[in-house]
């Protein structure tokens, strides 16, 4: 059973599991981006997370701020496009808020994730219903916090966050996009899952799985 | 029944029937030229013969030299490609040899056709078996002459010429081209009818049909 | 997918090798994927930098040289470059007079260039101004979207503003001219076929033989409307009408670009230009200069776009000024 | 068939309207389908005329202008022009110093230009010399065929010989230089896809997704061999090898053109150029000048060709001389 504290090494597992998920689903993400974007989201995420794990393997960090600064910078400098600055800023802010620690409780993890979300908002100015990654990320954090507030373990909170991310992701399908490339399609963007919301659901799936392992 | 002399008006019928045949078979000729050439023989012949019949209709000629000089020049100036100079020279020489007449017997028609064939040879230097229009035209003239020599009417000679043109045309299929665009294909040109030999068979079909009508 | 490539992951790196070998007058930084002029920026000259996803060639690398850009950053295919590339280009190209970032309006490009400008100013003190092009009239309701895309006007802007920078104008003047040019240009594009992104391996969208996409951008995104394939004259009408509807081009000379999307041959582009020019004539618009060819492309997409720029004598003078790049060259 | 045209029968006429509107510096004779320079040929200057079927743009009309051609005759798509067009161009362009006909070696082109030269000399007394280009090494056993096709070297020849004519050389010298250039150039082409001739309405040949045609010309004719699709580096090898096998390029500077067939985007052409240049380097061949882009195309065919010209200081000097045409421009 998963404990009450989260170690740095389970967060490395989070990252590596995220890398695996976007790599395995590279074609699927690109497929989604073909329908309402420019057919590169799978390539972008796979390239970025491969670079991240290479970096993490080459120079293992001992504190969260160090680790996530490197993760964020690697994404920013290897992805490009919209997802590079968005996921990059997410991890940069995550690390800044986490600080020079190597263990987290639920509240600390929540604060770091909230800071990450704030970074996405600062960069992209998404609002709920714009059909972006924010539509999965924001409800995921609501659920995470609710679980922590009601005494749930970080693992339980992450599982709740993942469930909420999936619901948020699926709710993007009927939406008409108002941010990003998909917005150019107007009404034609409705009826398709948002690629970024889909990769964000993978982010929380990875978190849930890595914390469940302990 | 067809008579012993051929009038200028049946030669106009010849031309108009040739125009009809290449126009109806425009796609077929282009199809043949797609396989071993550049997909324009149908367009070339249809454009050329349409221009010819427009010219003939606009300024009807009273003698063969006048008529066929105009036909030849129209082909030369409206077709381009290999078939323009070849068919153009064919008709130019036909007219020069026919002279300022308005009726032909079999021998006169043979002489004019021979001159036309000579024009094709002068321009294109084809030899038998090169997989060109010459492979239909040359045996057609052999057959025409043989029929005239054995007392056949011009109509009978034209019918014999048509039969021989068809045989000559079909015999181009297995050949490896040695002249024109098809020669670039080397061995790959074998197994296809030559487009120019096919249009030449239409030329003799048109002659046979127009003389059969009298 | 049929492409002249070694592998989908190496398209950009391999193409930059070719650019370097083909253009001894340019410098290529393969690590940062930047194409520079061979000579450092003249002291006092504002540097012009652009960049964007690859797949739009000759934009932007083909426009590096005298009278146009000082450096271009190449992103992965259809993916904006990263801030570190742009920061590096900014640092190297700056001669002290400051740097203009020319950014096409796409969320990714804008965010990455923003981060680059922040980094460059904070870490190196280079003065950076940015202009964001957004000339694509296909994007309606731009308040409910990421805004209009930057497309064809970017080419004209890089030429005109490049000439102004060459004359020694300062950063503020160069940036303000760039904004004027952007404000006075409008574009509209269409596609006969989808392009194929190498890493995706198949066409981004399927388009039936009798249909075309109107209002496409330059990233193989589907357009605003799918309509029946039409004769060139009708297509020209569908491209020109929304442009003229959006901005008043009367009473001024214009510069018109008929741009190919990459897979359409020049004979069709000239044919389309004829149709477009006839419509402009009929609408009383004076075409002073024109450009026909592949300038801002979308990989192997078949199709074209029209850009009309409202000019004046001064813009025409800058347009006519010497330019010496791989993709645009005259007067030198 | 998806093309930006009004109707298959009007492609050429409509495209010439666009050329005229886009290039006020050129004259277009729509009846005879000839593109001329705006200014008459200078007295004493030998006139250069070329022509051929359409569908190869910018060849030849895009190469009319200072330092290259004086006139270009356009035939129907892939169909050589007719002798009367060529005769008219010959008459109009002649300044009294004579006219060089630049003819690509195809049965139709050769026969039509022959008739034109006969007509021009007989009826108007204009002195005409002809050079027939035949640089395509894909045509093996040329004694058993119509001979090698004229392809890429035609572009290089028009540039180099155009510069020589501009310098005032006489007809014999210009013609002899043209023959030298032709003799020293070799080309090889390949296709990833067939083109579609507008009047045919569908692709000339079908090519499976995993195959390519090696040794194609510029008329959509199938090539010599159909082989499996390969990485760019292998394709480059298959293109360069027969060229180097056919002529010794060692010990001399060369001019290399990596030409697109019309449907292949520039990013792939640069990538291919990189592969070609690396092979030439390894083979000890010195590349002094290069040209990458769409110069002699085959409608919308995807693919490319390589041309290598053995040069010397004099040819390089003529190559570098100013040229001012729609399709090639530098030094002016």
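When the chains are written out, they are named A, B, C and D in that same order, and each has its own residue count from 1.
As a convention for this text, a contact is a pair of C-beta atoms (placed from the backbone, for glycine too) under 8 Å apart; a residue touches a chain by one contact, two chains touch by 3 or more.
Keep in mind it's a predicted model, so treat the numbers as computed, not measured.
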Moving step by step between touching chains, how few steps can get you from chain B to chain C?
2
Round to the nearest whole Å and give the separation of the Cα centres of chain A and chain D.
55
I'd like the Å distance between the centres of chain C and chain D, where a centre is the mean of that chain's Cα atoms.
29
Distance in whole angstrom between the CA centres of chain A and chain C is 32
With chain centres taken as the means of their Cα atoms, state the distance from chain A to chain B in Å.
75
Of all possible chain pairs, which ones touch?
A-C, B-D, C-D
Chain D - residues contacting chain C, complex:
1-7, 11, 14-22, 54-55, 57-58, 62, 77, 192-193, 209, 212, 229, 231-233, 235, 258, 262-275, 277-278, 287, 290, 292, 294, 297, 299-300, 302-304, 324, 329-332
What part of chain C is in contact with chain A in the complex they form?
53, 75-84, 106-108, 111-112, 114-115, 138-141, 144-146, 149, 197, 199-200, 204-205, 217, 219-222, 224
Could you please specify the touching residues of chain B with respect to chain D in the complex?
30, 34-40, 42-44, 47, 76-86, 123-124, 177-181, 183-186, 188
